[in-house]
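Order as written gives the chain letters A, B, C, D and E; numbering starts at 1 within each chain.
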Amino acid sequence: MRNTASFLIVVGFLILWEISARIIDKAFILPSPLQIFIRLWELKEVLFLDHLPITLLSIVMGLTLSIILGTAIAVWMSLNSSVQRAIYPILIASQMVPVIALAPIFVLWFGYTIWSKVAVAVLITFFPITVNTFDGLSSGNKDNEELFLTMGATKKDIFFKYSIPMALPHFFSGLKVAVTLSVIGAAIGEWLGAQAGLGYFSRRMMTQFDGAAVFAPIIVLTFVGILLFICVTHLEKRMLNWRTKS
Amino acid sequence: MRNTASFLIVVGFLILWEISARIIDKAFILPSPLQIFIRLWELKEVLFLDHLPITLLSIVMGLTLSIILGTAIAVWMSLNSSVQRAIYPILIASQMVPVIALAPIFVLWFGYTIWSKVAVAVLITFFPITVNTFDGLSSGNKDNEELFLTMGATKKDIFFKYSIPMALPHFFSGLKVAVTLSVIGAAIGEWLGAQAGLGYFSRRMMTQFDGAAVFAPIIVLTFVGILLFICVTHLEKRMLNWRTKS
Amino acid sequence: KNEDTEKVSIMLDWYPNAVHSFLYVAEEKGYFEEEGIELDIQFPANPTDPINLAAAGKVTMGITYQPDVIIAKTEQDIAVKSVGVLVQSPLNHVGFLNDTGIKSPKDFEGKTIGFTGIPLNEAMVQTMMETDGADFNSVTMVDVGFELSSSIVSEKADAAVGMYINHEFPMLEYEGYQPGHLDPTDFGVPSFYELLVVTSDDTWANEQENIEAFWRAARKAFDDMEANPDEALATLLKHQDKANFPLIEEVEKESLSILLPKMKENGKFGHQDAEVWEVTADWMTKAGLLTKEANLEGIFVNMEE
Amino acid sequence: MLAFNNVSFGYDEKRKILENLSFSVHPGEFISIVGVSGSGKSTIFRLVTGLEHPLTGDITLEGNKNGDRLGKVAYMPQQDLLLPWRTILENAYLPLEINGIDKQTAYQQIQPLLKEFGLEGTDDKYPAELSGGMKQRVAFLRAVLSGNPLLLLDEPFSALDAITKLSMQEWLLEQWKKRQSTILFITHDVEEALFLSDRILLLKNKPVTDVEEIFVPLQGKRTRNDLNLPEMLALKDRLLSTLQSEVAL
Amino acid sequence: MLAFNNVSFGYDEKRKILENLSFSVHPGEFISIVGVSGSGKSTIFRLVTGLEHPLTGDITLEGNKNGDRLGKVAYMPQQDLLLPWRTILENAYLPLEINGIDKQTAYQQIQPLLKEFGLEGTDDKYPAELSGGMKQRVAFLRAVLSGNPLLLLDEPFSALDAITKLSMQEWLLEQWKKRQSTILFITHDVEEALFLSDRILLLKNKPVTDVEEIFVPLQGKRTRNDLNLPEMLALKDRLLSTLQSEVAL
């Protein structure tokens, strides 16, 4: 019920779009929602069987690598404050490099393989995971850690029984951002040279002057993003079920 | 002093890069930092006088539009809770659309004009500004607002004397994210269709086998990002100087 | 300067090179100004942008490839038309480095071939291979955008289609590589118009006079260029954007000598023949590029002399 | 000054919090309201300030029956609720600013009061730079500056440590005498209520249908020792046991 | 049980907080430490638990001079510091888990205690679902479960409202008697100290060079009325005035 208004706005927007598209009547420049939907249906096999798996593969590989790399660096920084002092500023500064502008270089390094896409995805998803996990690991308060110490806890006890559960909500916040970015990363990677994938397909349809088919894979990508996001949210709810109790 | 370690790491990284670049000896694939620096110097006029102003213009226009649009929507949502309930979920969902994948369409709509770049920049910077400003405007607590009411304050008083100062720190957080994204947005916009600009230049050099010249504008872009970020931080410090007192 | 000059824009097919000399000559000699137009020359960020933006009306004209115009018109009903040819016979070859050991289209089997993202190139390779009795399915086609030469030099692709015999090959040789090439017309691909100028039907309807003015100036410049290629080359080099698109004099000189005869094959610069359009469309239908019957209705107009 | 006359109220129509409650406050009195947690003390304040309106019954403020009360009483909340981005001076200026008084005039009025409240030299400091006791004094000053003679204090000292609390209590008594204001004071702390007030209103039952009025048998200048008088100790025990029996309810 | 012998300490070599401090605690005693804010009460606890080490002097815990004290005393902090992601049972299990006791055995040990502490039915609840008083009881249980006989409580009730505080105090006294543990209790609240303890240590001077020991003249079962005894009232006044003079310093 709460979202009736949103729903109505979306429907209104679609209708407006449909009407303007029909008035302009240049499907190549502005396809109508209906045309896009029909094209999506016609292309369903190509999109879902040929291109989606490829894109999903780079997203999943990119995310996995990001998570491994990101949490490893976050843990390393949280365990050693001189590492932290050295690396953290670099991490922050590195975000100022428009890494996406480097994407074409990856093609040179990795060729037109999946790795150039994975590299783009890792480069843009790795930062939110690292920073959030690190912030989470350092969000513990001294009082609590000292309470552990007075119980005779070792550093390892504190890390596993306090820091990690403490960091989990932050890790999930980072992951939620990363998931969205990974879709964008894979799409960008696929623009730059690929033989398959939704981003590639969208671009290719542009060269075929097929406006509706340009949008169709973008819609699929959007749903991939939403689905991944929902998955993470569910996982989060299950792992942090205590949070719903407050 | 705190950053000596970071500095050493960066220097070490540059030296390593220089050495590997010399060993690989394919400036096109991996130019060395020195080569990049020399190229940057040689190209300084072209980069700083021809391309930088163009890129800066799209960044500034994109940011300005985002700020106007973003704060307007945030204020609107904060003033009217049914607007908020209707729009907020759409805003969040809209972030799942890989807007960057839509960028090529903008080129069709706006041609190789500044507007296609501004559109990309607005599309990716507008979200953090809106959401942060809105969260800031709603971060006020009821107790404080009720205190204002007991003093005989009007809604307008509360908005200007309480909600806005309250929202300012959040607005700046959003702006800091937006500034970084705006550089990326402009660069991407320029890849996809432009007649000048740093992103355009970088891509162009890619076709000229000139690796060092591919990196040089990216370095400039990075510094543009850092500079913008510093500007925002300074502005923030000046406007929120009370925060340093706690 | 002139109060009532009309703005006309043209998007090149590639970064500027010898083919575009006449534009700079006309500019230099003030022919456009005489015709009352002000020409804005744009370079594409994407190999497919010239036709796309011309079709969308974002530029007055775009320099593009003949089969693309047929695909746009036939498959998607996009109202575009060609208003003149620049290069009347193919320059497009499949290029590779000699070390790859490629000798004929049969050797493409199992290889990676780069192309600019224009689907027609895939069909060309397919036709070449089928003519040579090879299996096209074993080839991986990758969209490399503008990086045709760099993709084979950096060994990201074994070969690339879309390289021009007059430009990329001399350039690679100049850079010290040993490129080899195969001519598609030797392997079943018909000869068609390599480069032509398109506009959208809407633009044609609204700005026909400007386009005609453009062509008058262009023709005049082409005549000058034919009469004195060295001067034209000097103009091109003078106008080159050194930082962005450095040109090499030797390469462009050789390029121009290859180009000049191809730009006036039937004695008339810009003139098009309905027959060439039909031959091209036939091949495209055979090659599977067209799923519908070719729509050549109003696909080109010839400027009046 | 203030009178509740058969007031009933509930945030939710079905669950009344106050039912037919009546009491009155005379000018110059210091009255404490005591009751267990959740009994409705703060709710009474919300009604007095005009943030809420009684479902039935009347509230009369300075002879004005059921009028608009927003802006007519001085309210000092439990947390100081100082605005962190305003200096002490600017925080104190807030009620005057809302009443449309210009900065110049207002600052001239505030400056001497800052001194009187033991806040000299803090004009340009930010709240974060002050101690808890000082912040409470600024909040009190702000309430006083609203210019309304009836002051409502909702557990103003509950966040302070025991020693600071004691000195703030004495300071408050002094201020009250000096300014001759009327104070309505909410507290959990029975000893605090006894030390400060002329009269204690003890809220009873759920919903509150009745207040037990207790007159504190102390006059004029009080000292902490007065709390050890036998009648005061008896009063304290009575209050405490009543409260504990209310909790059990 | 515990003895400080000429202990000096400062977080910063130059600014001592404790100087040549000596006192001792006997098994089964209930001792309160009272002192103004910032005097060094919590610092003494940090030394006892072994989080800090004296610069000079010795601390003897159960006959063990200057040994490793981490894990040897039961400490209950001011905030409950319960882990929000663990249920009540799991929170109570924490000290046992750290000592390597397996879940099965531990839970069998904890379950009856939960009942005894008035926490039955909360096993699988999360801390956020409990009231302030209940959370303090869980924190106390957790401290008790560490199995160490010396219990340190750092202002455990300061965050509770006055009425809840009273009942928690009574409950604590009961638990202390039942378990025969030794308790060291920090508080700001003089009345609390008097009601609970056998002996009060009042920290004096800055740095603390001396503690004033005050024996509370109450034996056996106490009631709140005992606080109204003339000698108790006299003690309270003495304590309060000493504290207030320390603040002035």
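Everything below uses one rule, namely that a contact is a pair of C-beta atoms (placed from the backbone, for glycine too) under 8 Å apart; a residue touches a chain by one contact, two chains touch by 3 or more.
Because the structure is predicted, anything quoted here is derived from the model rather than measured.
K.L.:
Two chains share more C-beta contact pairs than any other pair here; which two are they?
P.N.:
That would be the chain pair A-B.
K.L.:
Taking each chain's centre as the mean of its CA atoms, which one is farthest from the centre of chain B?
P.N.:
E
K.L.:
From chain D, which chain is the farthest off, judged by mean CA positions?
P.N.:
Relative to chain D, the chain whose C-alpha centre sits farthest away is C.
K.L.:
Measure off the straight-line distance from the CA centroid of chain D to the CA centroid of chain E, and report it in whole Å.
P.N.:
Between these chains, centre-to-centre, one finds 34 Å.
K.L.:
Please compute the C-alpha centroid of chain B, do the same for chain C, then give the distance between them in whole Å.
P.N.:
So the centre of chain B lies 38 Å away from the centre of chain C.
K.L.:
Please tell me the distance, in whole Å, between the geometric centres of chain C and chain D computed from their C-alpha atoms.
P.N.:
The separation of the two C-alpha centroids amounts to 85 Å.
K.L.:
What is the distance in Å between the mean C-alpha positions of chain A and chain E?
P.N.:
Whole-Å distance between the two chain centres: 49.
K.L.:
Residues of chain A touching 2+ other chains?
P.N.:
Touching at least two other chains: 28-29, 108, 203, 206.
K.L.:
Of all the residues in chain C, which ones touch at least 2 other chains?
P.N.:
As it turns out, chain C has residues touching two or more other chains at 52, 56, 147, 154.
K.L.:
In chain E, what residues contact two or more other chains?
P.N.:
In chain E, no residue touches at least two other chains, as defined above.
K.L.:
Quick one: which chain pairs are touching?
P.N.:
A-B, A-C, A-E, B-C, B-D, D-E
K.L.:
Would you tell me which residues of chain B are touching chain D in their complex?
P.N.:
Against chain D, chain B makes touches at 143-144, 146-153, 157, 161-162, 165, 168, 240, 242-243, 245-246.
K.L.:
Can you list the residues on chain C that touch chain B in the complex?
P.N.:
11, 15, 42-46, 49, 52-53, 56, 58-59, 146-147, 149-150, 153-154, 175, 243-246
K.L.:
Would you tell me which residues of chain D are touching chain B in their complex?
P.N.:
Chain D reaches chain B through residues 46, 49-51, 70-73, 75, 77, 79, 81, 83-87, 94-95, 97-99, 125-126, 128-129, 146.
K.L.:
Quick check: in the complex, which residue numbers of chain C touch chain A?
P.N.:
48, 52, 55-56, 71-72, 75-76, 78, 112, 117-119, 140-145, 147, 154, 156-157
K.L.:
Could you pull out which chain D residues touch chain E in their complex?
P.N.:
36-37, 158, 161-164, 166-167, 187-191, 224-225, 228, 233, 237, 240, 243-244, 247
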